[in-house]
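Naming follows writing order (A, B, C, D and E), and every chain is counted from residue 1.
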Amino acid sequence: MVNGVESNLLHWIPLLPLTAAVYHGVMVGLVRRQTRQTLVSLVSCGAVILAFVLSFAALLDLLDQPVSSRLLVDNVYTWIGAGIGTSALSAEVAFRLDPLSAVMILVVTGVGSLIHIYSIGYMDDDHREDKGFQRFFCYLNLFTFSMLILVLADNLVLMFLGWEGVGLCSYLLIGFWYSDRFNAYCGSKAFIVNRIGDFGFLIGLFLLFGALAKAGHPAVSFAGIEQHFSSIVDMTLILPAWLHVEWEWRLVNVIGLCFFVGACGKSAQLPLYVWLPDAMAGPTPVSALIHAATMVTAGIYMICRMSFLYAAAPEASAVIAWTGGITALVAATIAITQTDIKKVLAYSTVSQLGYMFLAAGCGGFSAAIFHLGTHAFFKALLFLGAGAVILAMHHEQDMGKMGGLWSRLRATRWVFLIGVLAIAGVPGLSGFFSKDEILVAAYAAEVPGHMWLYAIGLLTAGITSFYMFRLFFRVFLGECRAPIAIRDHIADPGGFVVNPLWVLAFFSAVGGYFGLPQVWGDLIEIENSNSLANFLTPVLATTEAHQLDHSTEYWMALSAVGIAAAGAGLAWILYVKRPELPTRLAAQMSTVYRTLLNKYYVDEIYDAVFVRPLVWISDRVLFRTVDVGLIDGLAINGTANAVRSLAANGLKYAHSGLAQTYVFFMIAGAGAIIMYLVR
Amino acid sequence: MIPAPEINISVLAPIAFVGIGAMFVLMGEVFLSRAQTVMGREVTESFIGTVLAITSMFFLLLTTYAAAVAFGTGDTETFNPSHAMYQLDAFSSLITAVVAFSALLSCALSIAYLAELRINHGEYYALLLLSTSGMMLMVAAIDMIAVFLGLELMSIPIYVLAGFDRRKLRSNESALKYFLIGSFASAIMLYGMALLYGSTGSTSFAGIGAGFERAGSMGLIGLGLVVVGFAFKISSVPFHQWTPDVYEGAPTTATAFMSVTVKVSAFAALVRFLAMTFGPLDESIAGVIWGLAALTIVVGNVMAVIQENVKRLLAYSSIAHAGYLLVGLVTGTIQGYSAMVFYLIAYTFMTLGAFGVVVALANRGQDCDRIESFAGLAQTRPGLAALMTLFMVSLAGIPGTAGFIGKFTIFAAAINEGVVVLSVVGVLMSVVSVYYYLRVPVLMYMREPGDDGHRLEISSGEGAVLVICAAAVIVMGVFPNGVEIWPIQSLHVLDWARESVALFF
Amino acid sequence: MGGIDEHLLTVVTFFPLVVALGLMATSVLGSALGADGMPDKLWKPVALAGSLLTFLLSLRLYATFDPQRTGFQFTEHTPWIGEYGINYFVGIDGISLLLVVLTTFLMPIVLLASWNDISKSVKTYLFFMLALETGMLGAFVSLNLFQFYVFWEAMLIPMYFIIGIWGGARRIYAAMKFFLFTMVGSLLMLLAMLVVYYMNLEQTGVLNFDFVTGPGSVAVGLLDTVVPTDGVWWKSQTWLFFAFALAFAIKVPMFPLHTWLPDAHVEAPTAGSVVLAGVLLKMGTYGFLRFALPMFPTAAIAFTPWLMGLALVGIVYGSLVAMVQSDIKKLVAYSSVAHLGFVMLGMFALNVHGLNGSVLQMINHGLSTGALFLLVGMLYERRHTREISQFGGIAKPMPVFAAFFGLVTMSSIGLPMLNGFVGEFLILLGTFLVNPWAAVIATSGVVLAAAYMLWMYRRVMFGPVENEENRGLMDLGVREKVVMVAMVLPIIWIGVYPNPLLRRIEPSVIELIRVVEARSPSVQGPEEQP
Amino acid sequence: MVPIEHVIALSAILFTIGVVGVAMRRNLIIILMSIELMLNAANLAFVGFNRMWPGTEGAPAVDGQIFVLIVITVAASEVAVGLGIFLSMFRNRDSVNVEEVNLLKW
Amino acid sequence: MSAQAVLFYIFGILAIAGAIGMVLNLRNVVASAMSLVVTMVALGAVYVLLEAYLVAAIQIMVYGGAIVVLFLFVVMLLNLATDEFPPGGQKFIKFSIGLAGVVILGQVLSAIIGNPSAFAAPETVPDGFGGYRQVGAALYTDYVLLVEMSSLMLLAAIVGALILAKRKIG
């Protein structure tokens, strides 16, 4: 437990974007006066870039610290401080910068600022009457703020704040063009699915806090949790008696799984990945920033943040690894058939995230983070590239209407190619190294069935390169299938759009060398070449794994490259050499094709199994029957009517208006009284 | 020769004032109707009516004052100690004051109303005064003979008042029913008295109480029949059916008068009879009262729900209130009795006020008493609407009004005695009561005015009465036991109630 | 100011009523003098100013309140009805302090919000509003059960009229339903109060209705009455607690006693709904907290599983039913059922977190649901319908409105950084510590909340503007913006920095727990769980 | 001398007959007569009881008989008023059948 | 059995007969009024047997003389001769009343005849008991208040009867 160095720098990093967001918010939401676009872009981009600079400064501060105790903290104020004794909860608004969060904020602010700049061009090109330029940047800044909070938070509650905050922003940005029903639908879908994940997060948080409280050390801050973790590591969770199930679980496993549910929601893993493809309804920069580079990786980050917990929870880790693996495969297969350029990238994102979880589950936390970083670069690059293409095609996203752009988009083609190569894992590019590390981790892991995981990873690598090249060929090669009208107006977009691409392209190319695996380092005589891993080691837990000798690793790398090449080749054959083949294949294996095209019908299944029944029950049973029928109709108004009819159909006739009836009642009454008295 | 008994006339002051008042009124009418002009004002019927009303109000005021003074002194005096019939003590003097005052208020109400209905005769006031004297005799009586005579002296003029609007069938019918059932009931009561007398050998409360142990079943039967007689007068279920008919048919001012004074005095007499005869009730009588109370509360409230005529509604509400009062009687404790007295006073003002509003709406010889005809009153007569709301709220027993304090004291006494089930019945039924009481404000405030032509100006008499009632309701609701604020620092109503019943214990 | 500080609480409580009576008197006098009363345009500002001044005074309360001290502050104690040992006894602790401030805060806002939409008999309306405020404040500050009951019931009358006169089509039915529902419970509660009162008399020999022992009074408060857990049925804690709980549960409202709420909300005018949701519902939870729990702790703990169960049902059921409503107001009404389910849940967790959370959640619900009703009202003013199907794409003509609506929606589904989250989080945490499974179910309510609120928001705000009538809708005017900003500021403030409130709540809560534990042998301390 | 219990029995019988008459006959006049009969039964009881409690030598007690005298007065005035009521009603609806008198009901 | 007893039974039976005649008379109101007179007179006689001489006298005078005559006046005035029996409406109620009446009566009679001890009357009465002197003295000393009040009552009755029965008022 290292106690960190105070640094007031930290809270400025999230504060800057927030200020910008609030400014925009007030302007848009309250004042409604048109602000000049240049001012808007200046404010937002300025804020984010400044945040990036500060982050860099913070990183330097961090690097000043001795390796063993690299930690900056910044306690701002107590947010929720309640409770006494062993249930005292104190959720500070406090930030911690350790290597892990340092990497993250660099990615967030770095990629973030690039995308901000890109957006200036992209959003300006929009043709809607209310392009909502300022609103867009308001959301974007708000997102950056939330993401930074999420990353910098020093306790789970504050992290949850950021966690939900990014969810909100993704909701707002997906549904940014709200006048289209579908976008709005996708937005809420994303939010609600995320909520389901947050449900897990909260439960995990409660379990963790409850256990710690029981152990006498209530804490929500990561430092505190890690410090007292030993006291709860052996606790077990017994199912309540009424379940009559004799099953005892280790608490840490349960906690780990709960948090993982949260991660699934945020990082679009099975079974909660359904929102991400739909999220493509948002503007492309959003897809790049939120749904490729940063937000979706929050799950990974959280898992790594809690690595000490997962290191102690092998079963949970196994679940994570397998979920990740399967997600990677499934998403990849779906990506093969998609025709919408952004959809392809979306599923590829899901698949890559699956990779990262695979790594994390196998204990390769640093590998996960490494891939997170590289993926941020090349996937952002690809998305923005796709965005550029879309702009060039006048907002056409269907690859079927593209093709032959190689000659037309002279700048975009290169950066796009780099992105494709990087993700396909061409040796030397960033994707190659990070993917390689993941495969190694899977191979070496102690996880049950890790060889299968390795196989899945390998296969996925192949499929990945296949569909990426398919995409590239369909878009850039072949003859142009665009409508005649726009065919001659297809050209590279403006500088705001293209220049960021170059930066990203550069990093996607060389980013791998930050974390050059030791095997390659040895190859070219560099001591501990994997600077990233070394940098992260103090904050990441390690799990025992097989030791692999270098030869094995070389073979693995070779096989990875081979299968990638195979995928690429296949793509070449299918989409360049024999373009008519795919349709025939689709016709032959139509069921498979349609299943893939329709994403295994997952959305439909969810709709039929969960959504419709719930609505039906709520409406027919709960509302109409119970509420209106039973409670209100029968019980409440029933009583009232009973009273009324007691009078109107019963007692009333005792007051017939005939004197002698009254006499009768008097005699009866008198008789009764006398009987009672004399009895 | 027969020795003249020593008597003290002063005790008779209250009754005497009323009786003399009656004579004055009768003769006054004769002379006035002969005269053409009095003091330059030519004599019209309404003028006669006004003068006579004021005369009787004057005498009633004297009565009230005398009774109040007697209450203030707080000592107990009988008319002829050798063979006491009439005893003016704290209880009887307080009730006398209340009765006289409410009679006064109903006189004030009557002036304009009778003129509206063209039945503006002095006899009205004379009968009203005579009936009042009967009530006084009844509440002050400590001997069954006096009770019976008082009862009849109270009832007979009211029979007439009920039928006072002779041209109207409903008025006749109300008089007829009241008379038939009334005299039937008093015959039953009389027979009960006979049996009591026979089984105990005495007609005085004390004597009966002394001899009741060896009275046997005959005494019990007698007691039962007497209770029946009272139960009729206080309109307790199942001896209540006459109430709605009579209240609806009678001229509204007469209804106001009888609904208040008869109930108050009959209850007072009942309490006095039971308390002074038996002291603490034995559980058999308590059981009877319990049953009557439960029945009365339930039937009164439930029947009121379906009423469409305000006077009838108020009739059933008065039945229901009789039920709550009986709850106080069931307890048989000083707390319960004092609660009853308080409740009676509260009830007087609420009911008089409510009827007063109905009176103030009567137009062109027509009562404006259908509930529907209150629709939109808040727009045509905001003041009256507000007052009516106040009285309804008070009758419903919502806090801040006398009605609430009344119910509270009653139920407090009941709970203190452990009369829980009855209390639960009571409160549940008062929820029902809220429903029908609030229907009137609903119509007044939440509906648009109908075409019912109700009167659009209010006479000074009615205005005064309404204001007095409203003030009383609020003051008794907020400071039931007075507070050191100027006009009301001496109104310790709760204390009065307690002092008045203290002599029974 | 010293003079006022002596009786600050009384002043705060009765100031609105005084203003109302003053206005009424002047107008009556005016009409008597043939001046036809005061012109209505003078009424509104005066009433608004009055309520604002009340708010400022209550802020002074907040400022001079000492968070460190447990027990009641600003107490005043003078005999009222000596016969029955009834005193005028007021005082506040952290819990009632916040509720008082909430009340005084909401009142000027609703007056401002209903500035134009009340056209029929404005004077009466303002009179009832101000009277209502005094009633609510009185109920919150009363420390004498009789006095509490008086305010609790007297409050109904103005609300009844506000719903009944200025309400919608089925207003009369709704008003009557509202009134009768509340009466049923409260009258039984009155009887229960009396039972305890006489028990206290037996034990101490002093007639006294005070809840706690008042300053300078020898009489022991009813809180210290020893209530048996067995023996005569109507003297046993079980039944007495039941009577109290019934009254409060109806007001909360807890499932299945909630059906008056949707009707009342839908029919009531905007201001009515806001006050109803914002304050009146808190009466129930406040009653539980202040009276039912500490007076009959053993029974309360015995009932806890049931109440928790009902609270959970309320949460899930309310959310599900809200999801399928076609009327926005009704949807919000059912969402209140769910939210108050949270409050009850946290309360009966009976530990610091739960209670903190539930008190805070009372405030939050007052703010966010109040704000929602205000917004719905603004929409209704423009379109005269609340059918969700009538709308769609409103965000285009009314962006500012959409912005506020979105923010308030987020606060009501408990988004961090807004007030809703803090309360729900603490409640869930507290519940989890005593009963994890309940917490799990309740947490699912959070998901559902997101579902129905966002669904509604989407159907109203997003999509193309199809209904022609919606195309030309005016966006919020200055007055409405002021109102909404005033509502939103505390929403954000509590979300970002709730600690000042928690600091005031916590001592009272801890005290409450202490009392409950001390008075019930069978309870194990809240810290021992889970 | 006369056995008092038989006197009371007689009065009880008369009383019952009166009650039955009130309850059964439709003619107001006869109903009123029956009420008178009830009063007389009571009177008889009073007189009989007074014979039971005649007081002591020198101080005879006659409360019962006084009661009877009062009752007779009451009865007279009741009859007067009652017949007056009947008259005014007869003028309006020209019948003294009690079963036709139910304008006011429920 | 003493002569008084015999006379009592005779008059008793006479009274009952008259009463039944009054109530059960099928046709004629006048006839029932007459049979009421029989009862009244018989009762007067019984009073004499009970040594209540003044009461007996007043009974015969007032009832036989005044009240029944008043009845007859009204009957003639309204010339309502007949009234059918058994009555039309509410048969059930009325016969159940008859039944109830009989039952209650049975109860009471059995209660009364059951214990004659409760009705033990002294053989002799104090001197002057029931005489006009004795009663009158009591009436105007002890009960003077009641006399006054009953005067008020008579006044009320007169006024009331007047106001109701007068053809037109004012």
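The rule we apply is simple: a contact is a pair of C-beta atoms (placed from the backbone, for glycine too) under 8 Å apart; a residue touches a chain by one contact, two chains touch by 3 or more.
Note that this is a predicted model, so its numbers are computed, not measured.
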Hypothetical removal of chain B, resulting connected chain groups: one piece
Identity of the chain that, by mean CA position, is farthest from chain E: A
Chain whose averaged C-alpha position falls nearest the assembly-wide average: C
Two chains joined by the most C-beta pairs in contact, as defined above: D-E
Distance between chain centroids, defined by C-alpha means - chain A, chain B (Å): 79
Chain centre separation in whole Å, for chain E relative to chain D (CA means): 6
Distance from the mean Cα position of chain C to that of chain B, given in whole angstrom: 43
Length of the line joining the C-alpha centres of chain B and chain E, rounded to whole Å: 31
Where chain C touches two or more other chains, by residue: 180
Chain D: positions in contact with at least two other chains: 8, 18-19, 22-24, 32, 48, 52, 64, 66, 70, 74, 77-78, 81, 84-86, 88, 98-99, 101-106
Residue list for chain B, restricted to those that touch at least two other chains: 145, 149, 152, 156, 159-160, 163, 166, 175-177, 180, 184, 188, 217, 221, 244-245, 306, 435
Each pair of chains that touches, named by its two labels: A-B, A-C, A-D, A-E, B-C, B-D, B-E, D-E
Partner chain E, residues of chain A touching it in the complex: 658, 660-661, 663-664, 667-668, 671, 674, 678
Chain B - residues contacting chain E, complex: 2-5, 7, 12, 15, 19, 22, 26, 33, 45, 79-80, 82-83, 85-86, 119, 121, 123, 126-127, 130-131, 133-134, 137, 145-146, 149-150, 152-153, 156-157, 159-160, 163-164, 166, 175, 199, 216-218, 221
Touching residues (chain side chain B, partner chain A) in the complex: 176-177, 180-181, 184-185, 188, 217, 220-221, 223-225, 227-228, 231-232, 238-239, 241-242, 244-245, 284-285, 287-288, 291, 299, 302-303, 305-306, 432, 435
Residue ranges of chain B touching chain C (in the complex, touch as defined): 378-379, 393, 398-400, 404, 408-409, 411-412, 415-416, 418, 420, 423-424, 427-428, 430-431, 434-435, 438, 441-442, 445-446, 479-481, 494-495, 498
Chain C to chain A touching residues, read off their complex: 177, 180-181, 256, 259-260, 317, 320-321, 323-325, 351-353, 356, 393, 395-396, 399-400, 403-404, 410, 415-417, 421-422, 425-426, 428-429, 432-433, 436-437, 439-440, 443-444, 446-447, 450-451, 454-455, 457-458, 461-465, 475, 481, 485, 496-499, 502, 506, 510, 526-527, 530
